[in-house]
Amino acid sequence: VADREQILKIHSRGKPLAEDVDLAHVARATPGFTGADLEQLLNEAALLAGRKDKKAVARREIDEARDKVLLGLERTSLVLTDDERRIVAYHEAGHAVVAWDLPHTGTLEKVSIIPRDRSLGVTQQLPKEERFLFDKEWVLDRLTILLSGRAAENLVIGRISSGAEGDLKEATSLARRMILDWGMGDGLENVAFGDDNRNVFLGSEIGRMRNYSEQTAARIDADVTRIVEDGYDRAGELLVARRAVLDGLAAELLEKEEVGADRLEVLLKRE
Amino acid sequence: VADREQILKIHSRGKPLAEDVDLAHVARATPGFTGADLEQLLNEAALLAGRKDKKAVARREIDEARDKVLLGLERTSLVLTDDERRIVAYHEAGHAVVAWDLPHTGTLEKVSIIPRDRSLGVTQQLPKEERFLFDKEWVLDRLTILLSGRAAENLVIGRISSGAEGDLKEATSLARRMILDWGMGDGLENVAFGDDNRNVFLGSEIGRMRNYSEQTAARIDADVTRIVEDGYDRAGELLVARRAVLDGLAAELLEKEEVGADRLEVLLKRE
Amino acid sequence: VADREQILKIHSRGKPLAEDVDLAHVARATPGFTGADLEQLLNEAALLAGRKDKKAVARREIDEARDKVLLGLERTSLVLTDDERRIVAYHEAGHAVVAWDLPHTGTLEKVSIIPRDRSLGVTQQLPKEERFLFDKEWVLDRLTILLSGRAAENLVIGRISSGAEGDLKEATSLARRMILDWGMGDGLENVAFGDDNRNVFLGSEIGRMRNYSEQTAARIDADVTRIVEDGYDRAGELLVARRAVLDGLAAELLEKEEVGADRLEVLLKRE
Amino acid sequence: VADREQILKIHSRGKPLAEDVDLAHVARATPGFTGADLEQLLNEAALLAGRKDKKAVARREIDEARDKVLLGLERTSLVLTDDERRIVAYHEAGHAVVAWDLPHTGTLEKVSIIPRDRSLGVTQQLPKEERFLFDKEWVLDRLTILLSGRAAENLVIGRISSGAEGDLKEATSLARRMILDWGMGDGLENVAFGDDNRNVFLGSEIGRMRNYSEQTAARIDADVTRIVEDGYDRAGELLVARRAVLDGLAAELLEKEEVGADRLEVLLKRE
Amino acid sequence: VADREQILKIHSRGKPLAEDVDLAHVARATPGFTGADLEQLLNEAALLAGRKDKKAVARREIDEARDKVLLGLERTSLVLTDDERRIVAYHEAGHAVVAWDLPHTGTLEKVSIIPRDRSLGVTQQLPKEERFLFDKEWVLDRLTILLSGRAAENLVIGRISSGAEGDLKEATSLARRMILDWGMGDGLENVAFGDDNRNVFLGSEIGRMRNYSEQTAARIDADVTRIVEDGYDRAGELLVARRAVLDGLAAELLEKEEVGADRLEVLLKRE
Amino acid sequence: VADREQILKIHSRGKPLAEDVDLAHVARATPGFTGADLEQLLNEAALLAGRKDKKAVARREIDEARDKVLLGLERTSLVLTDDERRIVAYHEAGHAVVAWDLPHTGTLEKVSIIPRDRSLGVTQQLPKEERFLFDKEWVLDRLTILLSGRAAENLVIGRISSGAEGDLKEATSLARRMILDWGMGDGLENVAFGDDNRNVFLGSEIGRMRNYSEQTAARIDADVTRIVEDGYDRAGELLVARRAVLDGLAAELLEKEEVGADRLEVLLKRE
């Protein structure tokens, strides 16, 4: 965070900032941004301000620019069917409700069903603090949040869609890393698999070659499947218990397309 | 759609269009076309109009050009035997009848047994709306339509031919994606397989390397086989129930070679 | 056929043809010939006519040239032992008798035991019509004809020779394609295997990589083996029933080296 | 050692050294350093002295420079949460306590939880003597020390974190080498696996290809898993027995961030 | 044969041949020789004749030259121990005795224990006739002859040596081809395995990639092992029955180093 | 041997040799040396003589040069701990005692624990005669000698060290070659495995690709493991029976670092 604030200060020189812009806050809201990302953010914000004939870059432009860098450009020309919009709304609402209930994974920033370059909707979660260590519980919570989109579709729509493809890949990959890299598998604790042969063949993205037996591979598959299923079931249970809230958020999303942090707090808080 | 209409407008500049041409309609009728495809379509249409000494490109030329781009050139010199024509007619009629009965997958445009560059016959289905999300039911419907060509051959001719090779590959591939990518397999729900090692070896078309065990592979095979068999059985049942309609459409195809949307509506509608 | 006749007309310009040459017939007798093959055929025929100081290319030269292009050059210097000639004669006679009994696979043109570039003997079968669709029965008939050479050796000579190597490879390959590509396997009907990874590694001839499990591979092996064995047994039964005819044709082949279509009709026809 | 002292003498020419610098001691404290590493060390030390306007390089600068070369730059800007700091402190304290109890693997030099380029904390152990031969007991002790960080987390925090990833990989790799290279596996003693095919494919870092059967691979996996589990259990038992000392060291680390050899001796010595 | 005689005639032009040279006989004695081999043979013979100041190339020079081309240069400087010479003598004598008893595989030309470039001894067998077809019995006879060298070592010396490495590879390869290519395996008759993927990877010598299952592979291994063991046992039985002859030939080889066709006939003929 | 003497004569031209140098003896003492090795040997010897201002190259220089070429440069700067020196002394003494007891594998030349480039110690054995054939007993004796170093460590020190890594790899490789290449495996006698696919991939050192089944691979592993274990047990038994001699040689090695052939004869000979 401190590093990012420093970089932002450097790149904002010569760019007049409105009084409502707090670079320390911007730094906290941009986890994972590289120096180049931050520079692009400030440039985009200056551009947006210029288009509006504003003399200074205000918080509004900063936020818009951050979304653009983080989530990709909005695709206004892409028109979903009503059925698809309803699926997307419940999918994102599902992510949001479960993410709220597992709060130590981060703070909810925004939920949106405006289609963008890279996805049909987004649930944006800001880490409370930048973490360098993950424990097993934290990883299982992340995994549950990832699967809660589909769990919501299944609960409300009764059908499962291909829209969860990315979530499933990320959840499965987390479950595999728990077992292969982090020694968090049942009966395979403390052992790291597959490391000897990294960078096999011809490039750095080529992945790992198995250095373990078929029997171990079958055991890993069973563990991965069980971990993912448990996460999905847990997401489902959390959603059943908060069905009314889920419906409320989905409805508001269908109406307004985007729901911000303050409104999310009102909608999601438990009595 | 909006994007395509825009592109069509750009490329039709300087090309006089007859009054019956509605670019918005053309855009809707060309799902999946790239900018280059659309440019080629307009050029072909202009060429056809030129050959007929027409001053403006009419809807007729647009349609002809679209078929050429979409389906490949007709091969008038290729002569099938009567037996083969009957097989092709029932194969395409089978696709058409089942596609009609599973309407939310799209609207039937045309059925043809004029041999073309890429196939011996074609059943053209226009999506009602461009979809970005597929649910399990939709995928299973697509799969049933793909298998209905062979199901019709089997029902009427009593023999299965090699002509379904492409359909089988596509249906099997859909069934595999359901399990591997979309988490729609029985007992393998919500898990995504094979993702770690995409782009293994030396190119982008090289496919995926297994990151799962033999045991899981066997389970996936069993699921794929079952999904495909269920789809085939379902196609067969739909055709048995509509045998008279199937015979009627096949007969008309054998006589006229091509049946358009309006006539299909008459032939296929249920009383 | 029409295409080939067209090509023949173009390439025969400037080459005087005798009256007994009918290009439409030549076109029918050259299934699978490319434009280059047809050009070579006409050039060879002109050459042969030139050597005989003939002014026009007659049907005789056309036929000789076609055999040369189709079957390879005769190797007059290659001398087989009597034992080998007997094996080859029964091998080819076996192909011919079974091909006659399964007539819809094509018309017998010629049987020859003159050694050529590419084989020790040949049974030439002309398709009745060019087919674009194969049904299961047709494939099984082809497979039976392929295995009938070895079946004849086994029946009459009582020993099996390495001469069937090419036949076995083609028959096994057909049986594999029935299961992998055409969905004609028992219990594996309608499923296509191995397609995802075509063109694996570095070239177009590199074949397919398995995308199925060991268990499925074992099942495919069992099916392939059974299909081939059934075809071999069927060939054997057909030959036992027509033993006298088989002996007659083999004897005539040993005497005359080559038996043409007309004589085959006399020898092979059933009373 | 003698080699390194020689190299240090050469590179320190022209650089005035304070009286407290003993190059022989520096040589002993830099096991595994290459000539280039030693040159970098002296240059860094000269630089540090220059910044402080010192005329000669004192021991203090040498030590600072050595840490920089050995452990990477300190990252003062990286701020861990209190929870993370506590995990790191117990993790490193765990390494230190177990390393103290298994003294023949080396002398403890320093324990630090100052985040650096390459890790969140470090337990620095100096080999008593440079070894060229490792016996089974020595390897098992190393393995136990590697696993004691996670064992401490589990004992005190009750959760296991991803911070042990590097330790697990190294421990698993040691266990594999015991079995594959050093013939120290149960029932696989004296056999070396995987050697035939070293340098398979295209480069020297490409690792080994299996030349053993699936059955042997499963047996090796079982042995590796058991060896690692035994090491982890042993680390846990050692820590339970020294819980008070572990807590004391962790507390001191949280307060002072770094604990040196002299203070470690006081804290860790058994009564 | 005829081809070779022709080539010999061309290359012998301008080289005076003694009256005892019969090119037709030379052609028969050089099966498998290419045109280049034949040219080299005649050149070597001319060279040998030149060294002896002979005006014409006699049969003697032809024979010497043929051996040099066929078997490689003699290595007079290589000195074997007595023990090794005895092993080689019995090894070659074993080949010769069994080859004599299975006469239709060819006529014995020479047995030699003079070390050459490529081997420590040689049993030269000339095919009676060039064969283009091999039946199962012929292949099994060849395999038995290949294994008879080691069978003789085992019978007489009681120990098996590494000298049979080449024989074993050739015998195993023949057994594999029987099953994979020639459909001569038990229960795997008429099926050809492994053909689809010839030329996998990057060159023509790269061999075949499996297109069959593990289960089939295990069955093929069992068949291969059984075929080889049967051949070895058969070789052993043949040698036990002819032990006296074996001892006689080995003794003569140890004394004279080389035994020609005429003397072999005397030594090996059955009463 | 004769070849090498010839080469030595050529390369020693112009280099004055002392009277005690017998090139025939040098040739015998350099088995496996290439022409280049021999040239390097003579150059090194000339260099050594030059350094000592000798006018002629004496036997002493030849021997020193031979060791340098054969064993690598001595590393005087490398200092082992006392514990490590004791392990190395017993390791080499173990090799020597067992090699003495299995004399037909060669004559002991020297045992040394002076660390060299490539190893911490060396037991040099000169073949009595150059062999071209190995029988099973000879291979098993070599394997026993290879394993006797570790067997001595285990017997005397009670711990096994990583220093046997090279020995284990060589012994395992010999055991594999016995089974795969030389047909000396139990139940797999006379079969050669893995030959079809030599030179797979891209170079000559790339090793072999399996052409046998998993089941056979497991059987080969079991055989390899058993052969190696038997050799290790045999080495142990031989050492137990000669414990006093082993201790004596190790003690002398620790004292003198190197023991030559004459002294070895005194120490090792049986009463």
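Going by the order they are written in, the chains are A, B, C, D, E and F; count residues from 1 in each one.
Throughout what follows, a residue touches a chain if its C-beta (ideal position, glycine included) is under 8 Å from a C-beta of that chain, and two chains touch if they have at least 3 such contacts.
Model, not experiment: these values are computed from the prediction.
In terms of the distance between Cα centroids, subunit D is separated most widely from C.
Of all residue numbers seen at the subunit B-subunit C contact, under half occur in both copies; the interface is built from largely non-matching residues.
If you average the Cα atoms of subunit E and of subunit F, the two centres end up 36 Å apart.
Between subunit B and subunit F, the centres computed from C-alpha atoms are 71 Å apart. Residue positions of subunit A touching 2 or more other chains, listed in rising order: 201-202, 214. Taken as a graph of touching chains, this assembly forms a single closed ring in which every chain touches exactly two others. One closed ring of touching chains is present, and its order from subunit D going to subunit F first is D, F, E, C, B, A. Note for the complex: subunit D touches subunit F at residues 1-3, 129-137, 139, 181-184, 187-193, 195-197, 199-202, 209, 211-216. Chain contact summary for the complex, subunit E toward subunit F: residues 77-81, 84, 87-88, 115, 120, 147, 150, 157, 159-165, 168-169, 171-173, 176, 201-202, 205-208, 214, 217-218, 220-221, 224-225, 228-229, 232.
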